[in-house]
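The two complexes that follow have chain A in common; it is paired with chain B in the first and with chain C in the second.
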Partner chain A sequence: MKATDKKHLLPILGAILLAVSPHLFRLPPWIVIWCLAFWAYVLAASKNNWYRPGRTILVILTIGGFIGGLATYGFKFNLDTGVGLLAVMLGLKPFEMKTHRDRMVTLFLVYFLVITNLLYSNNLVMSLFMFASVLLATAVLIRINHPSGSFAANLRLSGVIMVQALPMMIVLFFLFPRIQGTLFGMSNQSIAITGIGDRLSPGSISKLVLSDEIAFRAEFKNSIPGPDRLYWRGIVFQHFDGKTWSRGQTRPVRQAPVSAGSTVGYTLTLEPQGEKWLFALDMPITSPPMARMQNDHTLMAYRKLKARIRYNVISQTTYNTGDFKSEERTALILPAQGNPKSTALARSWADTFDNPAKIVNKALEFFSQNDFVYSLNPPLLKEDAIDDFLFKTRKGYCEHYASAFAFLMRKAKIPARIVGGYLGGELNPYGNYLIVRQSDAHAWVEVWLPARGWVRIDPTSAVAPERVEQGFEAALPPEELEGFFLLKHLGPLQSHLKKIIFRWDAANNYWNQWVLGYSYQRQRELLAQIGINIGSWKGPVKLILLVLGLISFFVFLISMRLFKTPVAKTDDVQRCYVKFCAKLTRVGLTRKPGQGPVDFAKTAIDLRRDLEVNIQEITDLYVLLRYARGGDENALKKFKERVKEFAPKPTI
Partner chain B sequence: MKFLSFKLFNKGSTSKPFITLPFTLSRKRIYILPTRHGWVFILVLLAMLIGSVNYKNNLGFLLTFLLGGMAFVSIFHSYRNLLGMQILAVAAQPVFAGDRAVFKFSIRTKEKARAAVAISLPNAEKIVKDFDANKDNWLRIPVAANQRGIFRPGSLLIATQYPLGLFRAWSTIRLDAQCLVYPRPLPGPLTTADDTGAVNGEEGRDIPGAEDFQELKSYQQGDPLGHIAWKVLSRGQGLFTKMFVAQAGSTAMLDFDALLEPNAERKLSRLCAMILQACSHNLVFGLKLPGKVIDPNRGEVHRQQCLKALALYAITDTITLERKQKGKNVL
Partner chain C sequence: MNVKFQNMVEQIGKVILGKREQIKLALTCLFAGGHLLIEDLPGIGKTTLAKVLSRCLGLNFRRIQCTSDMLPGDILGVSVFERKTSSFVFHPGPIFTQVLLADEINRATPKTQSALLEAMEERQVTVEGKTRPLDKPFFIIATQNPMEQFGTFSLPESQLDRFLMRINIGYPNRGAEHKLLKQGEVKSTLLSTEPCLTPGEVLMIQKQIAEVHTSDALLEYVQDLLDFTRNAPHFSAGLSPRAGLAFLRAAKSRAFLQGRDHVLPEDLQKVMFWVVGHRLRSHDDRAELSRDRLENLLMEVPIP
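What follows is the complex of A and B.
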């Protein structure tokens, strides 16, 4: 093994390791071991001159690795398989890095590895990782092209090049034409998705509560409504089969709730949930361009949401949806069989009260007065789940209460349906926006009341009013909170940590909005703002001119920096000497261009014998300081003084 | 920008005049194109761009444009790595055919340090070197010189792939570098024109010329060390060379036409060997070539004169060499 190979091996392995590190948790364990073991061996082998496998063995290992990869992933070629095989290859690559070409190709693979990470995750951490990884890989690239430099110098130059490339990156990022839709109909399925599904059954909300993941962020144009109004409506469940609620048929409408209430406008940045529903405060009256308003007052996107989107909505927090429509009859349908006790209870209310509002109140009373417990760990429900819950277990989370309440209402001939969404949100003081997490997931009920239309009833609030005001943590019994949200138990540290977390989230939010949320739509808006209409034929021409102009400008700036001839560094010595020469010029002794100091001194002394001592002394000091580099601080001081004192008088 | 207009066929046609030294690498002289790896990298970037467009991955866009920008910026760094470099002078000591002519270049970096600059002559191994700022550097490039005469190694190529290896900046410089190449010495007996018998210095009788001391002459460079009057020197009276008078009969005339070799090149090689032999014995000798006679003499200058006459025998292209001898390009 040649010395240069050894020299390059460690940096290249470092670059590979950094680039592959986010994958290590995703890759099958055997590939991780495969890579780490080979890299450790190749490193040790280069140090101790151990055996290094020849070409034949490498080919066999490669084939073996590929077969292993295909056995693990099967024969479907998706992102996971691609990354797995890339890792298998990179595990063996360090054995074959004898030539400059091998090393260059390996580093290109490293760059490629970086982009594969971005397809899995694209948050702020990943962005920082991307820059760090490119910085290191480029430093190694510089190293293999300039082996004699120090690694610190390589890193520094890599940083310089990166900083100089940033303006161009920004220009191209914002102005490179984006398209709508995808190129080959492929899309990214790998980002893990959590959120409210299209079915509601016991457990479907409470499992989300354990997730601290962010569902969306909402920035309000004006003040934020009170906590009792922060019901984020997502999906409406109409059908009930005795155990599970599911969405019914909806159709797009243009109508808005009938009301004169005040409106509230806000911008929502929704994390991808893989579903079509957008979230909005009860009740949305406008629909963003990527979605349509449905007749159940939900916003339904045209496509499933697989990327983060950002949209504006206006809502009315007091509303009246008007008359009952015939198509809303599904809100009365229940399975004919089952839950006899609950049915009897509802019927008795219907017989007793003539006013639906009174029945609603009676039902809420029933929940609040019968020792119902708000809990994340309710007992399993048997056949006749509603009966079981209402009369036996009496322990449940919001979906239990909503489900039972809607059931009772329908049995009492009051139209009712369940709304799934989020409740509340946490204000980030550093960005003045609300963070709504998966743990804020909630389900509530809407009943139709004459003259008032669909009215929101939250049966959970009858059991645990704190849930609405302070979030689920306040509503749950303390023993159920153990294990999660350790933050709560950190005492005085908590507030500091909370601050850091808020700041971090604010940074994430800005990054999401300005970088990750940038899209075809926003590019059009941006271009329109600077007067470029991409639709007309002039648009693209202007855009190209703009991009070229900006890049030329940055090139100019870079050139200024790179190619400026450093004005022969006028250090102290030089500056002083120039002063001395200027003094002599004033008395008619001019130094010719290119004339050396000793030569100049001779000429000057020939003409002005009276200045001989001064000129000679200064020149000697100058020569000592500048050329012999033998001068110390004292000599410099003396030199400066002499030049300062030197005051030749013109000859008469 | 001027340097972006690439010139693809920059091999340097022979009709172009030589550049004069000192020479500074200016903007117009430097060309830049992607290396093979650079093209591969551009393909990788294109793949990344297509992936980013397809997956609408904004971080992917960011990475692609960052890498693209860095590659683009590296062009300027490569360019800067060469710009303003100066070649102050070039020189080469005469060699015998079959030896390697060593061309010494004096290179000034000016105020910028230069990293991994490859400098090469045709048919010579390229030298990759870092240069410190504000320093004059000597660079030695050996090239095989196989032909008697004036050896011109061709254009000097200065190139760099620094910093990323994706682009190569280069400049070919038609330098007037040349090296005098003496014939390859062909060993054999020392044959002279007036003495048909062989004079063999190695095993035959003593060469008389070295015997008879005549006078002291002030030392001149090239006088044999063995003839220095050390005693005089040790007395502090200066450096003198003892002059000897060779016997009249020992003045050798090395005659081209008297040689029985089959062709001119062999004759020249034989003469070359004889000159070396004669010099090593400090013989007084002359050289007779068709059309040129060098009177008998001895010493280093005489030796060089004779060898040069052999090197340039029947070679017309002597103009630049003469100019060089006058000291124009000599250091």
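What follows is the complex of A and C.
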């Protein structure tokens, strides 16, 4: 094995490892071990002159790894399989790195590998990581071609090249045609996060509290409403089977029947949850283009959301939904059997009070006056879940209270339903928007009251009013929070860390908005603004010309800098001499920056005998003025004149 | 070119055939007042060059053949008790001369090499506490064989730095070798070489060389070159200020011998490899850089 092989092996392996590292968490363990083991062996083998497998063994390993990879993915060919097989090949690649060409091919594979990361994630961290990865790969590429200098210098040059590429990147980012839909038409489930599902049973909200994932961010046009109004409505649960609530039939409505009230406008950036419902403050009165408003005042998208979307909504925070409609009768239906104690309680209220509002208050009183506890770890509920909760365990999270409350209301002949969504949100002062996390997931109840329509009742607030005002951390008993990582455990560091987190989130938000949010539609709008209509046949031609024009402009600028002779000093003599050299350059006689004046004169005269007298005279004067003693004003004047007169004609 | 200088090159060229470039470099080095290291294979003419140089300059010449059992006293001299006067009398060593040829210097032990150091830098020797000045002018011409490394003590960088130039001679071309083979032994031609100068004249020329004009623009170029060796990633360490001074001295000497009273960037470029070649190491493997590579690198530095 040659010394160059050894010298370049480590940098190339480093570049591969950095490029593949995000995949290592996704790949099946055996492929990870396969890669790392082979790389470690190649490295050790090159140091200690161990045995290196020949062609036959490599072919066997390749075929074996290929079949093994396919088998691991169940012989289905999709994105994961592709990346897995690529990793299998990469594990073996260093074994056949013998020539310069092999090393180049491997490095190009590294660039490809960097791009494959984009198929899984395109957030800010990944983008920064990819920049780092390309920086390293380019530095290694420089190194294997020009193996001199320190690696730090290679990295610096790589950085310079990347900075030079930046203008072109920006041009292509804005003008390269965007693809509608996902890349290669591949659907990708892995980027969707788990949010509120279409069923509500005990535990389905409280399990979300553990997730710190961001559900959405909301920017308000004007001031942000108070915490008691930040109920983000997502899904309405109508059917109850004794344990679980599920969505009922809804139908799209043209205009939400909501009476006038104060409105609030905002823009939501919703992370993909793989579901159809969009979130909006109680009650939305407009619907974004990708969704339709339903008759239960929820916004339902046309298809499941697999990518981050951004939409504008206007809501009314005070509202009246109007008359009770016949299709809303489902809000009274309950299973015939079960929960006798609760049924009796609700019936007794219905008999005592004639006004539904009084029944609602009575029920809230029942929760606040008995020793109900707001808890993440409620005991398991038995057969008659509502009875068990209301009279025995009395410990639960918001879904328990909402479920029990809605049950009681329906038994008391008041239409009731559960709304699932989020409550509150955290204000990011850098960017002035609300961050709503999965841990803000919440369920509450709506009851229909005569003359007021559907009214939001949050039974949780009767038990733990802090939940509404300050979030779940404040509402839960302290011993339940011990397992959580909370900022307040950090003491004085808390405020600093909080600031960093907010800034980071703001950066991510801008990234999502301006980089990832630059869609086909936005590109169309931008191009339309500069007079390019992508729809017509002229549009693409204009676009291509614009891209080519801009790129050649940047290339021109950069090459100008490359060919410019650096002039350190610009005193009179030097300026004049530079002019003289420029004149000679025009006729094809270029002075190298390190060429001395006498040497240059000699080469120039050799090539152009006809200019001998002029060149010699000017050079002599220049040497006299610049390097010798006794250059005076007269000499300078003469020098300037001679250079001015000097007008070499190009040879034919 | 300076007429006297031309004459000398002719004279020496009769002995060392076909090596005008090396002869000029050696003279440049000696007139700059620097010591010369000749590195080449045995039998190529290193010693002859040293001899003919000293003869031509009209200087005293002595030679020491360095071996591993040589002691500093063998070079500097020792005090010997003399019965007649009942006192110690200093017997000066071979270093008390004007041109000292240290043959195969890398065969001497570091102890002996370092004894030469003081003499080279200070132009004086200290024996038994007494400092004695050396003759003027004083040059050391050292030779070493780059191929044979067994049983040698290669000169450390600090010591290499004290040689103003390091040159190699190389095989003669076909024509020169033909002439050499025809005329046979070089001894007779060597002996027939007439001194061209006197020691006084040598000192005079050295003084004139020191007065060669260097313009600010030129000094800036020197500094740019020095900065380049210090900042560029190709070298393990840049040139020292002493190397910078040596560089400029060599360039001045060349300018003078070319018959000019001012230094041009070309002077620096012509002596560059011979002055800095042994002072720079490549960053990658700490090996010396080839002439082409070093000159290409330094030619990247624009002349201000």
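In this section, the second predicted complex is superposed on the first by the 524 of 652 C-alpha atoms of A that agree within 3 Å, B and C clash if a C-alpha of one lies under 4 Å from a C-alpha of the other, contacts with A are read in each partner's own complex, and residues count from 1 in each chain.
One rule holds in what follows: contacts are C-beta pairs under 8 Å (C-beta built on N, C-alpha and C of every residue); 3 or more make two chains touch, one makes a residue touch a chain.
Keep in mind the model is a prediction, meaning the values are calculated, not measured.
Enquirer: For A:V515, decide between first (touching chain B), second (touching chain C), both and neither.
Expert: After superposing on A, A:V515 lies in contact with chain B but is clear of chain C.
Enquirer: Now for A:M130: first (chain B), second (chain C), both, or neither, which partner does it touch?
Expert: first
Enquirer: Residues of chain A touched: more by chain B or chain C?
Expert: Partner touching more chain A residues in the overlay: B.
Enquirer: Using the touch definition from the top, say if A:S150 reaches chain B (first), chain C (second), both or neither.
Expert: second
Enquirer: Of the two partner chains, chain B (first) and chain C (second), which one does A:L92 touch, if any: first, second, both, or neither?
Expert: So A:L92 meets neither chain B nor chain C here.
Enquirer: Applying the document's definition of touch, where does A:M162 land relative to chain B and chain C: first, second, both, or neither?
Expert: First partner only, chain B.
Enquirer: From the superposed pair, tell me which chain A residues show up as contacts to chain B and also as contacts to chain C.
Expert: 147-149, 565-566, 568
Enquirer: Quick check on the complex: what are the chain C residues that touch chain A?
Expert: Interface residues on the chain C side: 213, 215, 217-218, 220, 224, 232-234, 260-266, 269, 282-284, 298-304.
Enquirer: Over in the complex, which chain A residues touch chain B? Could you list them?
Expert: 100-101, 104-105, 108, 111-112, 114-115, 118-119, 122, 126-127, 130-131, 134, 138, 141-142, 144-149, 157, 161-162, 164-169, 172-173, 176, 178-179, 182-184, 186-188, 307, 515-519, 555, 558-559, 562-563, 565-566, 568
Enquirer: Considering the complex alone, what residue numbers of chain B touch chain A?
Expert: Answer in residue numbers: 1, 37, 40-41, 44, 47-48, 50-70, 72-74, 76-77, 80, 83-84, 111-112, 115-116, 130, 161-165.
Enquirer: Can you list the chain A residues touching chain C in their complex?
Expert: Spelled out, the residues of chain A in touch with chain C are 147-150, 152-153, 565-566, 568-569, 574, 592-599, 623, 626-629.
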